[in-house]
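Below, each structure is written out as structure tokens.
Next come two complexes, and both contain subunit A; in the first it sits with subunit B, in the second with subunit C.
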Partner chain A sequence: MGAKIKLIEYYLPERILTNEELEKVYPEWSASKLEKKVGIKQRHIAGPNETSLDLAANAATKLLEKEDKSLIDFVLFCTQSPEYLLPTSACLLQAKLGLRTEIGALDFNLGCSGYIYGLAIAKGMINAGLCKNVLLVTGETYSKFIAEDDISNRSIFGDAGTATIVTYSDEDMLGEFVFGTDGNGAENLIVKELSARNSYILPNNGRPTLYMNGPEIFNFTIETIPPLLQKVIAKNKLQVTDINYFILHQANKYILEFLISEMCLDISKCHIDMLNYGNTVSNTIPIALKDSLEQGRIKEGDKVLLAGFGVGYSWGSTIINI
Partner chain B sequence: MLLIAGDTISKYIGKEDASTRFIFGDAESADLLTKDENTNTMFFSLGTDGSGWQNLIIPAGVLEKGNTMRIIRLQ
Partner chain C sequence: MQGRIDMIDNFIALLANALEKKPSTIAMNDEFRNYKEWDSLAVLAVIAMIKQNFNITIPRKDFDELKTVSDLFEYIQAHR
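Coming up: the complex of A and B.
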């Protein structure tokens, strides 16, 4: 008994925000310098009436063109921008996609580590015999939380939705997982408004607003990720040289290059591609996996290390067999 | 595994909404689940039907416009 990733699809909203557009609004920022530093040229931004549910549903619809939807027996929806406070977005997705009603569906609220946790939950449920075909979706629209004048966050984050089918398999293709959580870092990447803690009060501009302490997030990442990778490689009884490809959360090019050099990894085995997407939070890993498979950077038989890290703080890693 | 359930749904209920205030209460619970080879297997039966979404909802949701956050609609 085991679990494997069967299919991945993603969806990017139509509207594109380019570095040139940002340069027009903030003349002190240079489009080319921005691309050189963070490795992002453009990002997709959800329309005013387009939500994370819509993005995830579009990705899932693409996926269900290739898969019989009656096989889906559990829905996991990772989002931090849900459709409503209640009901659960996963329930809305069940209706939107016309899935069977004799299935379980739940949301979980994680950001950049979310896909790893989704794979772990799916694997656990499949191995426990609770279900056989999990539809794992991620959908995120951080753009709706970012103030117009917040150039640094606008330049980094993009919106997207992804859908993955995790299915049962004779051989376990999803390896051992390592998890980590440190809520002491909560204040460094946070949307405070519209929360129970703040009596559901909205700020004057009428929108919840994302705050990110970039230097603190950077410090957290460089302290946490190297030992995380060591632990997950050891837990899977492998050596670093056994790993064919590394897909870390695509936060930005600067931080990934720093980590790769810190860990002395072969950069040709590391995925760095957020040029056309930006940092799409929980979507970066499934987008990178799909692109890498399509572009032949990874192939059957490869061992691929996946690692997500960010808001919470929350982090997680696993090694999958393709 | 620590399994926690906690809800303060009272914070979403309008003062004038007697029928909803009448029903809901706030509480927290914490369960500790652990591995035990000798216990009976738990079996689950799960169901989801999002077509009923409008019948128990906070319509002014996270990404919807408006400031009427504290109103739950129960039909």
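Coming up: the complex of A and C.
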């Protein structure tokens, strides 16, 4: 018994925010500088009435055009912007997609590491014989948490939804996982408003607001990721040269290039492509996987290292066989 | 052993490269946050430069207390 990724689809909201638009508001941030340094040219932004659940549902709908939806027997929904505090968004998704009622569904709240954790949960449940076809969905709309005048975060984050089917297979195509958690970093990437801790009170401008301590997140990443990659390669009993392709969470080009240089990786084997999406949080890895497969950057038989890291702090990595 | 003046010159060259400035426009007494090149990306560039060249990770709270180019240089000397 084992598990494999069978299908991936993603959905990007229609509205596009370009560097040129940002430059009009903040003339000191030139569009070309943004593209060169951060590696982002545009990002998709959810509409006023479009939620993470909608983005996730749109991605799942695309996917279910290719797959018999009666086969789905579990739904995992990774989001930090759920439809409501309660009920569970995955339950709403079950109804929205018209899935069977004899299935399990749950949300889990993770950001940039979320897809790795979703794959791990799906693999664990499949290998335990609890289910056979997991619909793993990610949806995120950080744009709704970002203040108008917060140029740093507006330039980086984009919204998206993805859907993946993880299915049983004779051979385990999802390798060993390594996880990491350090809640001491919680304050460095946080939305504090509308929380139990703050008595569900909203600030004066009436919106929960994302706070990111960029330099500390950068420090966390450069300290944590090189050893994470070493551990996951060792745990899978491989050498770094056995890895055909590296897909790290697409945070921004600047940090990815720094990590690649620190770890002396072959840059031609590393995915750096957030040009048209920005940092879409838990969506970046499935988007990168789908694009890489379609563009022929990875092919059957390849070993691909996936690593997610960020808000929490939370991080995780695995190596998959294509 | 590298002389102090060489070390300062070397550091200014690295900082200039990180900030995409000419080394001749950087003086030890300058408050680096006043440079027109200074923005949130410049912060990362300087932190990355110090990590890459001196293997020092500067915590944000320490970094916020450093004001001048000289402060940065002395911080590195104290933590090498």
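Points to keep in mind about this one:
Following the convention adopted for this analysis, the second predicted complex is superposed on the first by the 322 of 322 C-alpha atoms of A that agree within 3 Å, B and C clash if a C-alpha of one lies under 4 Å from a C-alpha of the other, contacts with A are read in each partner's own complex, and residues count from 1 in each chain.
Keep this in mind: a contact is a pair of C-beta atoms (placed from the backbone, for glycine too) under 8 Å apart; a residue touches a chain by one contact, two chains touch by 3 or more.
Quick caveat, the model's predicted, so the values are computed rather than measured.
Overlay on subunit A: subunit B and subunit C fit together in the combined arrangement. In the superposition on chain A, no contact is made by A:D273 with either subunit B or subunit C. Here the vertex is the CA centre of subunit A, and the angle it makes with the centres of subunit B and subunit C is 120 degrees, a multiple of 10. Legend: residue contacts after superposition of the two complexes on their common chain; A:I103 is shown touching subunit B, with no touch to subunit C.
In the superposition on chain A, A:Y254 contacts subunit C only, with no contact to subunit B.
Ranking subunit B and subunit C by residues of subunit A touched puts B first.
Once the two complexes are overlaid on the shared chain, A:E28 sits against subunit C while remaining clear of subunit B. Within the superposed three-chain model, A:D291 lies out of touch with both subunit B and subunit C [touch as defined at top]. Once the two complexes are laid over each other on the shared chain, residue contacts for A:I222 go to subunit C alone; subunit B is not touched.
The gap separating subunit B from subunit C at its narrowest, counted between C-alpha atoms of the superposed chains, is 29 angstrom.
With the contact threshold set out at the top, not one residue of subunit A is in contact with subunit B in one structure and with subunit C in the other.
Across the interface of their complex, subunit A is touched by residues 8, 11-12, 44, 46-51, 53, 56-59, 61-65, 67, 69-70, 72 of subunit B.
Those residues of subunit C that touch subunit A in the complex are listed here as 39-41, 43-44, 47-48, 51-52, 57-60, 63. Subunit A meets subunit B in the complex at residues 51-52, 74-75, 81-87, 90-96, 99, 101-105, 130, 141, 144, 194, 196, 199-200, 202, 206, 208. The touching residues of subunit A, when paired with subunit C in their complex, are 28-29, 37-38, 152, 213-216, 218-219, 222-223, 254-255, 258, 261-262.
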